[in-house]
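Below, each structure is written out as structure tokens.
Below are two complexes that have chain A in common, paired first with chain B and then with chain C.
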Partner chain A sequence: MARQIVIGLEVHLQLLTKTKLFCSCSAEYIGHTPNSNVCPICLAVPGTLPLLNDGAVALASRLGLGLHCTIQNYSTFGRKNYFYADLAKAYQITQYELPVATKGYLDIELGGASKRVRIHHLHLEEDAGKLVHPTADGRLTGAAYSLVDYNRGGVPLSEVVSEPDMSSPAEAKEYVMRLRQLARYLDVSDGEMESGSLRVDANISLTNADGTLGTRVEIKNMNSLKALERALEYEISRQNKVLDSGGRIVQETRLWDDAEGVTRSMRNKETASDYRYYPEMDLAPIVISDSEIEGYRQSMPELPQEKRLRFAQSFGLSGEEIAILTEQKALADYYEATVSAGAPTARAANWIRMEVLRVLNELGQDISEFRVKPDALAGLVKKIEQGDISSTIGKDLLDLMAREDLTLDEAVKRLGAPQGRLSGDALRELASRIVSSQPDVAETIKNGLDKKGGKIKFLQGLVMKEARGQADPNEVAGCLSELLGS
Partner chain B sequence: MELYELSAKETADGIRSKKFSAIEVTEACLARADKFEGNVNAIITLTADAALASAREIDARIARGESVGPLAGVPYFAKDNFCTKGTRTTCSSKILENWLPTYNASAINYMNDAGAVMMGKTNLDEFAMGSSTENSIIGPTKNPRDLGRVPGGSSGGSAASVAAGYAPIALGTDTGGSVRQPACFCGVQGMKPSYGQVSRYGILAYASSLDQVSPLARTVEDLAISMEVLARPDPHDTTCDAYDRPRFTEAIELPDLKGKKIGVFEGFESSQMDAELYGALQKTAGHCRDAGAVVEPMDLPIAVKYGVATYYVTALADASSKLACYDGMRYGSHLDGQTLNEMYVNTRTACFGEEVRRRIILGTCLLTEGFYQNYYGPALKVRQRMVDEFDELFGRFDAYILPTSPSLPYRIGMKETDPNRLYLGDIFTVPISLAGLPGINLSMGLNADGLPLSVQLVGQRYFDAELLGIASVLERVMGKPRVATPGVVEKTQKGEEAK
Partner chain C sequence: MKMTVDRDITLKMAKAAQLRVEPEQVEKMMNSINDILDFCALVGDLDCSGVPDFMWRMRKLPSRRPDVPKDWPDREIFESKAPTFEGEFFKTPRIMAEG
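What follows is the complex of A and B.
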């Protein structure tokens, strides 16, 4: 029997507070002069004491509620002791015994099936500083010296610890995507793996022959979702090989090497018991009243899962469409506003999914920067729906509106499309001209040899092109069959 | 009476009413220090120029008719573990030999804002770890009442400064008795407030859950004035209570002890302690009765049996963590090495003294897997049991009296070799610290050999003002300690011995 894969994840999310967790320094560290956002507290100058940032507690509570956790009225901090140059106090203040939120879940969907991943707890902790090694590849090996940047030291993190409920790398990836989406919906974290505001440590083991849990291995250093998936896949095959050859899995921490595509044992890694966790006495406990928790609950926006359900019920969209439209809250809002402005639900969904996202991608823009506002898109989609313009022209118009910041009317003028659509005598006249210009094709059709209808379609296309899309395709078809007696 | 003999209250009143100037007082105290410091060795850094400048400023403000604070022109010393901006703060350790803080401890700001004149930084056991002020980079401080004896510790320099008349007030920190015990040994008044009464911001911590800024003085009134200056909410310290404190100076106007119930501690064998100190305790019980209090014996079985062990497990564990930041990388002394780890080891081995290293190593062990479950975890539970034991007693008593120290000040160098015996000297002070209670060392004068006798008063948590009131009633009977003349052992005449 194949061994079952057992995966649990620890995800660190950098919280979107203005200031650090225990001092009033700015929490921004990317692109800042090293050691410019520091103060006596985050540099651990003797005699200083930590002061808790209430904003971080509020964000962690929101995330906890989003994960259906119980928010604790009383939680405490502890110290995780270890010496390293990036840790000024030589201990990290973290929540250990009593975390701020416990026991929740996050539902993930894979291949149409839904799965519930239980959340063990969520806690607050401070980030460490950053080491800079002056070598060509930026690694420690071979560096004559190392520099420390404490700008990141003390930045608030929320660590979300799952139960070992995932059974494939794809599920793990989906879990991280859903957690990231939730954090973004709640404005709790921007969740960027590349920049490190979302970091994933994975615990993975394979079950023994009797179904009991095997020895777990922790893997770190995955800087993208792809890396997470690859690292887990590598680790599954490595563990299978070790077990197949009669070996034993060692409980250890391994680092993912993305360039080589392998995990490597981190030697000299301290085991958990050596961190000498114990209570932090310099900080009063976190006390959150029931009314505060209720306040957080009241201020919660619609969660991604709720939104997906509602989109299915209200707009009759497919699962794939919903997934794309609701991935970002801003895009979902854009869709809803487009529909509110009168665009038909299906066509609006299709246009946003296919065209708006294409243009955004080409322009390297975010939906919040998109110049075509929902009512303008609704106007365009309505014209297409009514047959006033063709989809092809519509795409050109959308491009113009987005790139040059034009209204729909301005774009139509710029494109040179006729004002208003062609119909009636004008359209019959145009169709007649097109038929005369294509005598061979007309003859073929008249002789009933256009079995598959390809020739008549060809003529329809020429008429529509000449009309710059401003004609009803059905009427065009009618005119042509009238002329050709088909 | 000489200016250096005045209390802080008398000094401030005299300066405010222009009987004498702040500069005269500061000069008198500096001269006093100049005369005896060669023998006493209480001061690590004397800031004479800054002190004279502050005194001149106070005089100028009074001359301009501006209002000045309650301690205007009153000289004070601070233990060298209070951060003082621009003035080196060593903690008596080689690791901070030349460290210049960039900020003031909150307590220092409060004192300066009240008009007090900072005179300098006093000696202590390295990182406040010790009870004799012998473990120091500048060598031992000597007891001004008998230069052959220790002044107690760890705030020995502060206690000696007040006893020798360098200043009417000094600040210390009390973690397990570090102000009460040296006050006892040097024959002055010293008060450890309830935990949370005074901000710890800017104190070079030893044990976060125990440290309290604590004043030393020669009168209970000066303790009350100091408390009024020091005890207040501080946004820099979340463990400092956020409410307004009562008026400590009003509390000391208590006329007598009528309606008070005082417990006299009897839960030890008198053979375990000095007979004279035991006698002092009984004498104090009599004074309480005479002042109208109901006095009954009481016992603290858990605190006496487990207090010292619980204290050392708690404090050492905390110290191992709090002192880990001294890695030589950002401030303080630094020794080089081939690797990061070597730098840490070289720096910390060479720059921490033996007692500090011993406590860091013990504390580190106590927190490792297995030891934590057997020592630190149980210590937290016992600590709670001790709090409960005190709480239960406070249902019956307003305050207790017990010894501060089981022994009179011992000779320099005598106990250093046996740390276990040294630790047991803390038996009566550490339970009070563990329970977060206020405690006052109340001086009772000198014995026939000129050595100070005293008693410890302990109150209910947050009832610091009430405790000062009781102390002030007793002080009226027992008298205020006089300034010592270092090098001269005061032989008390018969009939003049301790009251």
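What follows is the complex of A and C.
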């Protein structure tokens, strides 16, 4: 019997609160002077007491509801002891026995198939500070001492713990992408893995020959989705090799080394007793009333999955179009506003997917910074739909509008683009001018020597170029035939 | 029920607490822990029926605060009171290798 892959994930999301979890220090830390956002509470000065941030409770509850969890009326904090200096108290305040939300799920889609990943629970905890090791490579090894910046210490985290329901690295990656998308839709976390506001620890094991669960290994230090996928693939291969050679898997924590593409043993896996969990008696339990939960529920926006369904029903778009347009809430809102401003649904979807995202990528902007507002894009798309301007010209106009902050009319003037299609006498006059400018080519055609039609196509191309694409190719061909008798 | 620790559990507790205990210190530590456990057993004999495990609401204090930032004005005091400070950072002894 082939060994099955069993993966469970613990995802830490930094919550978008203004202040830390237990004190009123600013929760911003990136780019700030070290130890500038600290106070006696987050530095654990004796005699101080923590006081819970109401905003963190609200955000954790919203995320819990988004994950279809039960929000608990009563949950508590505990102390998780450990020996690093990155938390001044020498313990982390976290939720252990009674977390704020339990038993939910997140649906993921892979290769057209849907899968439900169960959520064991979601809990609140404080982040640690940052340790700096004054060595050449910034690593711990060889450091004579360590430096600590406590700006991040106490920033609220929500840890989402899944059941071991994923059975491939691709599923694990998809799960994190969907969780990140949900957190962003709910404005709960920005979910940036690179900056550390979303961190993933993976538990992975292979089933034994009799189908029972094997020994699990925890992997840390994966700073991107790609790293997550690579680390899991490496670990599956490593565990298979160990088992194939008759060895046994050691329960441990391993660190992913992205440069070398390997996991390395960090420490033997702690058990709960190693952390000496202890009830946090300095904090009252979190009591969330039913009416409070109902308030959170009422404030929930449309969730990604609901939006995807509605887009399919209302706009008749393909699965791929919907996936791209709803990936970010702001982009989905932009699309809907463009359609509301009168743009045809299919063409608007196509333009946003192909052209707006291209320009955003080139400018390094996100949709909130995009200068072409939905009504302006709707105006452009409508003109293309009506045949007043060609798609080619439309792309140039969009570029100008986005780069130079121009209205559609200003961009048309700047580009010198003809408004409306060139046809009839105007088109005949243009074709005549082109023929006159190419006497040798015209003579060849008139003498019947353009056997393969290459010369006439050359002239057609020149006319279309001069008309900036604003002419019907069949009418152009007709005009040239008339002029050259071909 | 009265609990006791033996030599092995004492060593395990010391390891969990990151304490270095010399062999000749183990018995003294074990006896101290057992004294504490004896006291716990004594307290455990009290009739606490109906009393919650923890009494958080001895006083009517708010259990949550609004999410509004406030600067701590006396940051310099941390630097002056910290055992060691280097640049903008707190300085700590090096972290022991794990294993």
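As a convention for this text, the second predicted complex is superposed on the first by the 428 of 486 C-alpha atoms of A that agree within 3 Å, B and C clash if a C-alpha of one lies under 4 Å from a C-alpha of the other, contacts with A are read in each partner's own complex, and residues count from 1 in each chain.
Heads up, the rule we're going with is that a residue touches a chain if its C-beta (ideal position, glycine included) is under 8 Å from a C-beta of that chain, and two chains touch if they have at least 3 such contacts.
A quick note: this is a predicted structure, and the numbers were derived from the prediction, not measured.
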| item | value |
| --- | --- |
| Simultaneous placement of chain C and chain B on chain A, clash or fit | clash |
| Contacts of A:Ala44 with chain B and chain C, given as first, second, both or neither | first |
| Which of chain B and chain C A:Phe83 touches, first, second, both or neither | both |
| Touched partner set for A:Asp54, first chain B, second chain C, both or neither | second |
| Which superposed partner A:Pro473 touches (first chain B, second chain C, both, neither) | neither |
| Touching partner for A:Ser26 - first (chain B), second (chain C), both, neither | second |
| Touched partner set for A:Leu147, first chain B, second chain C, both or neither | second |
| Contacts of A:Tyr91 with chain B and chain C, given as first, second, both or neither | first |
| Dominant contact partner of chain A by residue count, chain C or chain B | C |
| Which superposed partner A:Tyr278 touches (first chain B, second chain C, both, neither) | first |
| Shared contact residues on chain A - chain B and chain C | 40, 43, 51-52, 83-85, 146, 148, 273-274, 276, 279, 281, 283-284 |
| Complex contacts: residues of chain B adjacent to chain A | 82-83, 89, 91, 96, 99, 101-103, 105, 200-205, 207-209, 235-239, 317-318, 320-321, 324-327, 329-331, 340-341, 344, 364, 367-370, 372, 376, 380 |
| Touching residues on chain A, where the partner in the complex is chain B | 40, 43-52, 79, 81, 83-85, 88-91, 146, 148, 273-274, 276-284 |
| Residues on chain A engaged by chain C in the complex (per definition of touch) | 17-19, 24-27, 33-36, 38-40, 43, 51-57, 83-85, 131-132, 140, 143-150, 266-268, 273-274, 276, 279, 281, 283-287 |
| Chain C residues within the chain A interface of the complex | 16-18, 53-54, 56-57, 61-72, 75, 78, 86-96, 98-99 |
